[in-house]
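Shared between the two complexes below is chain A, which has chain B as its partner in the first and chain C in the second.
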Partner chain A sequence: MAEGYVYFPGCSLKSTGVAYEESLLTLFRLLDVKLQELDDWNCCGATSYMAIDEDSAFALSARNLALVHKSGNSQVLAPCAACYLVLRKTQDYVQRYPSIRAHVSSTLKAANLPMAADSVHTRHPLEVLYNDIGVNRIRSKVSRKWQGGPVVCYYGCQAVRPYYEVDKPVNQSRMEELLDAAGIPTVNFALKTKCCGGSLTGTIHSVGLRLNYIILKEAARKGAKAIVTLCPLCQFNLDAYQSEIRRRMKENLDMPIFYFTQVLGWALGGGTRELGLHRAISGTTLVKQWFSAAKEVAAHV
Partner chain B sequence: MQIERKMKQQREAHPGWASEIAQLPGCEKLFSCIQCGTCSGTCPLSIYMDYTPRRIINLVREGFQEEALASQTIWLCASCYSCAARCPQKIQLTDVMYSLKREAIKKKLFPKRFPIPVLASEFHKMVAKRGRSSEMWLVMRMALKSNPMILLTMMGTGWQLFRTGRMSLRMEKIDRVHELPHKSVGATEVH
Partner chain C sequence: MSNQNGSVRIGVYICHCGTNIAGTVDVKSVAERAARLPGVVVSREYKYMCSDPGQELIRSDVQEHKINRVVVASCSPLLHEHTFRKAAEKSGLNPYLTHMVNIREHDSWVHVGQKEEATRKADDLIRAAVRRIRYHKPLEKGYVKIQADVLVVGGGIAGIHAALTLANAGKHVYLVERDPTIGGHMAKFDKTFPTLDCAACILTPKMTAVKAHPNITLWTLSEVTAVEGYVGNYEVTVTRHPRYINEELCAGCMQCVEACVYKQARFDDEFNEGLGKRKPVYIPFPQAIPQVVLIDPEACIEFKKGTCKKTCVEACGDRHAIDFQQKDEVKKIKVGTVVLSTGFQAVDPKKVPYYGYGTYPNVYSSMEVERLINASGPTGGEVVLRDGSHPKSVGIIHCVGSRDEYTNKWCSRVCCMYSLKLAHLIKEHTGAEIFNFYIDMRTPGKGFEEFYQRLLQEGVHFIRGKVAEVTDWALDKSEEGKLVLRVEDTLSAFVRRIPVDMVVLSVGLEPHADAQEVRRLFNISCGGEGFFTERHPKLAPVSTFTDGVFLAGCCQGPKDIPDTVAQAGAAASEALALIDAGQIEIEPNTAYVVEEACSGCQTCIGLCPYHAITRLEDKKKATVNPVLCKGCGTCVAACPSGSLRQNLFEDEQIFEEIEGVLDYAR
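The block that comes next holds the complex of A and B.
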C-alpha cells in the first residue's frame, strides 16, 4: 500500500461531480493513502462511444491503461461507475477476444504505447476502502460523531454489474458496512441497484425524471433522510433534478444526495468545504444542519 | 379506406442476419435464449420501449432487421446490465444492444430526431477529436441537432450547477491528441 494508487478522475469528477473528487482526495489523505492523478488521461468513452465504434472504444480506454502502466504503478482507481466499468471491461474483452486484442494492440503501437490490459488492475474506491484499507482501520480513524439522520446506500448499476469485484452480485453491503464503522445509521434499500437512467434525464427528460422519482420516493418511504451514492451520474440526477421532480410529482421531497466519500470523510475529520459539501443543490437545509460549524466542534469525540 | 397487411412475412426477413450478430463480441449466446422474459421484467425501461428486450432478441433471431434497428428500444437501453446479470442463459444482452446501435447508425436506420443517437454521435465526435467530453457543450450540440426545446427544461438545472461550481464552459482537451485512436468505421452524421 506504500506506493498508493493511480487516480483516474474521468470527465465527471472534473465538472458536475467535482465534490466526488474533492471528498475522495480528502478521505484518502486522512487515511494516509497516496493517490497520483494519471497524466494526460482521456475520456473512458462511457456508454456512448461504444454505441458508435466498438474497436476504437476499447483502444481509447486501453490508452488509459497504457498510461497507468507507464507511470510504474499497476493499480488504477476509477471512482466513476462508468469509467470503472469501461476500464474493467476493456481488460476483460482484450483478454477474451483475439480480434479486439489485435485491433487494440495495433492502435496502441501506432501511438507508441504499451499493451497493459493484462497487467493493470482496475479498482473502485469502495472496494479499495473495504479490501485494502479495511473496515477496522476506518473505525479506528473516526473522529466525529454523526449528527445527521439515517441514510440509504445506493449503488446504481455499472459499478456492481456485470463484474462483481466492487461488491457481491446481490444484496450488496460494503457501503453499509463502511458507513456503520463510521457510526452512520443506514436503512435497508431494495432499490439499491436500480438504474437512475443515466443520461436519460438529458435526452428523454420525463422518463429520466420518473426513474429518479421512484428511487427518491422509496428512500423517503423507508425513513431515510438522505441518499449516499458512489457514482457521479447517480448523484447528479438525484440531486440536480430533485426540485423539478418535486414540482412535477407534487411531492414533498427534499433530500441531500451525498457521495460515500463525503460522509466517511466528515466522520474522519474532514472539513465541509474540502469535502465539497457546499456543492449540494437539494436538501441544503439538512446539509447545513448536519455539518454546521458549531456542530463540527461539538461533534468531536 | 386502404387496408394493408400489418404482419410481416418470413420471406421479407433477413435469415442470415442473426448469425452475423451472433459472431460479435458478447453476442455469442443469442441462440440460447429461451424467451423467458427475465430481461424485460428486470429492465427499468422496458415499459417505455416499443419492443421489450425479449422481443428484440426474437426479432433479431428471426431476421426482422428493420424493426429491430429502427426501434426506440435499442436507444432507450441505458446499459445498466440488469438483464445481463439476471439472464438464466447468461446472454450479454447489453452487448447485443450495443451491436444493434452500431448497425443502426451504419445503416442510418435510427429513429429520426431522437435525442439519444444524436447524443451518442456527438459524444463520439467530441471524444475522438479532443480526448475528453465537455458536458455543457455536448448537451448544447445534442439539443440543437434533435430538439432545442430540451434546453428550456435544462435552464434551471444549468443555473444551479453553475452556482455551485459544478459546470464549466471550458472545452476540455488532452495534450497528446495524436495518441487517440483514429476512426475505424465511417461514423455517420446523426440528425
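The block that comes next holds the complex of A and C.
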C-alpha cells in the first residue's frame, strides 16, 4: 500500500483524547491508508508554552517537523487542532520572520537536526479525508446504516483560523459533506466556530461552563442529538461538564460528543471499542442505543 | 559634427518654480555655466518661467538676440511643454525647436537637502538638452477630420442622458445596450434619495425619448465586439444578439406571453432579482424600451426540444414577429467619438459569508428590497418576507462589500444614502422598527444631511458599529425564530445582540466582471480595483488616455444619480467639442520611413501595437500612418536597415543627449 502518512499524535491523543487516536487509526485502516506514528516526537509547543516562551515553543515545534523531514516525509498529519495550529504556524513564521528562523535554526543545529520547518507541510485529517481520499471513496466504503439521530458539526477555532486549509474560515462544510457521504444527517449550526471555553473551564470555571452551555443548548434547540467535533479540547470540554451544567443551569442536557473519525469509522464498519465509543462521558444512553449492534458497547458504558 | 540647420543660436531658461527648484538647485550658477556652452547665446533664470513675463523673456530674446532654439529647464514636459511650444510659436519660431529639461520632478524634488549634487545634475541635464537641440528640425502638426456620429456604450441613466444630449445637439448616436431593455439599475429602483421622487417617473420619459429620437439608433441585446481606428475615425463592430422577435414587427401587445404553453410563470425574473417569475417569452418590465418582448432560449421548449405547440406564434398571427431562426447579427459602424457608460455591478452579498445571505432566507440584498418596495415589483409594493409574513423589525447593514480589506476597499458612496431611503420606505410600508448599522454616516450632498436628520426624527435607530455576524443562534426565548445581529455598539462601548425579522444588506458597487475586456477593447486604462481611469482626476474627469473616448457614470467609479447625470452631460459636451472643431491636431512625434533605405522586409508591420504601418504594394516599402502612430518607437528600434526614424527621437538627437549628459566624466 503506497498511500500513507506520518502522523503526530501530541499529548491529547495519548490521554484525554485517546478515543480520537483509536478512531483515527481505525478509520484510516478501513480506508486502506497507512498511518505511521512519528518516532521520538515531543510536545508540539502549544498551550501556554507559546504565550510564555515563544522562542522555545517554535523550537519544540520545529524539532517535530525536522523529525518528519528526517523520516523522509514532506508532510505530517496533526489530528489535534492545537498541534495543527502550532506546527502550521511554525511552518509559516520561520518563512516570514528571519529572527525566529535564526533562533530555531541554531537550536536545531545544537541537536544536530536540519531546519525543515518550511519544507514540511502540516495537514489535518479532515482536509486529508476531504481532498486526498475524497468524499466518493468514503461513500463507496460505507457498510453500516446510521441508526442515530441528526448531529451538528462543530469545528472550534484552531483548525480553521487563521489558516484556512482545513476548511473555510466561515461557513465550514467539509465535515458535513463527509458525514453526508456516510449517511449521517446533519443540522445547520450557527455556532460552528464559537468558543468552546478552551482552557477557561480550568481557569475561570464559570465562564468556561457558560460558553460550553451555549453550544450544547443551541445544538439541542436546533434538534441535534449529538455534536461531532475535530478537536480534543473541544470534545473534552463539551463532554466532561454536562453533569455540572445540568446541575447549575437546571437544564436537561445529555448529549454525546463524538470525534468525526468515530462516526465515520462506525459507518465504515469499525467496532465500537476500536473506535473508542466506549469512552463517552455524556449521552451514554444514546450511545448505547445507537451503537447497540455491537455488544461490546453495552458491556463497557 | 555638422548640422543642417544653419547657425544655431540657443536660449536657455532656468525656472525657480518659486522655491520648488531654486530651494535645492543653485539656479544662478547653473545659468552662468549654461551661458558658456557652445551655441548658447543667452542664459537666464527666472522665478516662474510659465508666467506671462517668463514667456515674454523668450519672445524678446527671439527678437533681440535672434535665438532660434529654446531650452527650458523647469518642470515635467507633461505640465508645460505645450506652454513653451506655444510661446515659441508666438515669437515666430517653429514650436518643435524647443526642448524641456525636467529639473523639478527629476531633480530638486527627489534630491531635497543635496544642493550640490542636485545642482550638478541640473548642469548635466541642461548640457544634454543644449547638445540635442542643435539637431531639432522644424516640424508641422497634422490634421485629421472627425466623423460626427457618436457611439454610446451602456444604456443606463448615464448612457441615456449622454445620448439624448448629443442627439439634441444634432449628432447621430448609436446607443448599444447589452440587456434587453435600457434603463439600467435606475429602472429597478423605487424612489430616489433624498427627494424621494419616483425613479420610474423621472426615468421612463427619458427612455421613451431615446426610442422616439430621430437621431438615436438604439440597439439592445447588443455588444461592441471590436474597435479599430483612431480618434475621429473609429470603426466599431457591434454584435446584435438574437431576441427571437422581429423588433420592427412586434407591437408589444404581449398576446404571445398570454398564449405561451407555460400557463404559470416559472423562470427566475432577472429584473426582479429572482424574487418574481416570468415566462420563456416576456418583457422585462412594463415600461421597457424597446417595448418588445423577447424569448429566453434557455427556458423555451421549442429551443430545448423543438416540440412546442408554438401557441405564441399562433397568438402573434399575421404580424409574424416571432422568429426562432434569428442569429447573431454583425453591424459595422463609423463613429468619431465614444462615450463609455457601462455602469457597475452590485457586490454579491455571498462574498461576505458572515452575514448569512443564502443561508438565512430573510437576509436580503438591497437590490432585492428595492424590488420588494416597488409598486410594480413582484409583491406589488408589499414588503413581505419569503414566508409571506410582514417584518416587525428590520436591520439594515451598511458597507457590505465596501470599506473592507477582504472584499472591496473603497467606499461605494451611495450606500449610506440609499440605506436611509430604504429605512424610510420600509418604515412607511410596514411600520416596522428599523435599525441601521453603520461604520460612519457619509451624507455629503445637496439635501443629504437634512435627509439623515429627518430619519433620526422619524425614530429610525442608528447603531455605530460594524456588524460581526448575522446568526439564528438564540440566547433566550425572545430571540428564537429571529435573525440576531451581533455588533459592537461603539458609541455606548457595548456588545449588543439585536433580534430582527428581516436583514437588509446594503451592498456596495464594483466594476463589472468583464470590465477588463471592455477596457482592452477601447484601449483605455483602469485602476487596480477595475474602474476605468479618467485622464486626470480633477482636470480631465471624463476624458481617457485614448483620445475621443469619454467616461460617464459608475464605470469610472461609484456615484449617485445626480453626479452620474452631470458626468454624462460633461462627457457629451466633451465629445461635442471635438466633433464641432471638425478636425483634430496630430502631434508630429511620429515614425516615418526613409524609403530609399527600406528593403520591404515587413518586420515593423507585425510589431506595431497600433496597426499604423502598412506596406505600399506598388513600391514594396513600408509606410506609417501618422494619425495612428503613437510614437512608441518600437518599429524604429526593430528596423534592421535603420530606415524607420522618428521625429523628435532621431538617432543624432538621442546620441547627442547621451554624450551631453555624460560629458562630466571627461
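We take it that the second predicted complex is superposed on the first by the 290 of 301 C-alpha atoms of A that agree within 3 Å, B and C clash if a C-alpha of one lies under 4 Å from a C-alpha of the other, contacts with A are read in each partner's own complex, and residues count from 1 in each chain.
Methods note: a residue touches a chain if its C-beta (ideal position, glycine included) is under 8 Å from a C-beta of that chain, and two chains touch if they have at least 3 such contacts.
What you see is a predicted model; the values in this text were computed from it and never measured.
Asks: Examine A:241 and indicate which partner it touches, taking first as chain B and second as chain C; both and neither are also allowed.
Replies: It touches chain B, and chain C stays clear.
Asks: Mind working out whether A:99 is in touch with chain B, chain C, both or neither, as first, second, both or neither?
Replies: first
Asks: According to the stated criteria, A:190 is in contact with first (chain B), second (chain C), both, or neither; which is it?
Replies: Second partner only.
Asks: Once chain A of both complexes is superposed, is A:171 in touch with chain B (first), chain C (second), both, or neither?
Replies: The second partner, chain C, only.
Asks: Per the overlay, which chain contacts more chain A residues, chain B or chain C?
Replies: Result: the larger residue contact count on chain A belongs to B.
Asks: With the two complexes superposed on chain A, say which partner A:158 touches: chain B (first), chain C (second), both, or neither.
Replies: The first partner, chain B, only.
Asks: Touching A:53, do we find chain B (first), chain C (second), both, or neither?
Replies: Touch status of A:53: first partner only.
Asks: Go through the superposed model and pick first if A:221 touches only chain B, second if only chain C, both, or neither.
Replies: Only chain C; A:221 stays clear of chain B.
Asks: Of the residues on chain A, which ones does chain B touch that chain C also touches?
Replies: Shared contact residues on chain A: 194.
Asks: Once bound in the complex, which stretches of chain C touch chain A?
Replies: So the residues of chain C in touch with chain A come to 353-354, 359, 471-475, 480.
Asks: Write out the stretch or stretches of chain B touching chain A in their complex.
Replies: So the residues of chain B touching chain A come out as 25-26, 44-45, 48, 76, 78-82, 84-85, 92, 94, 98-99, 101-102, 105, 115-117, 119-121, 123-124, 127-128, 131-136, 139, 142, 150, 153-154, 156-157, 160-161, 164-168, 172, 174-176, 178-185, 187.
Asks: Please output the residues of chain A touching chain C within their complex, sorted ascending.
Replies: Touching chain C: residues 168, 170-171, 188, 190-191, 194, 214, 218, 221 of chain A.
Asks: Show which residues of chain A lie in contact with chain B when the two form their complex.
Replies: 11-12, 14-19, 40-43, 45-56, 59-60, 63, 93, 96-97, 99-100, 103, 107, 111-113, 157-158, 161-162, 169, 193-195, 197-200, 202-205, 207, 211, 240-241, 243-244, 278-281
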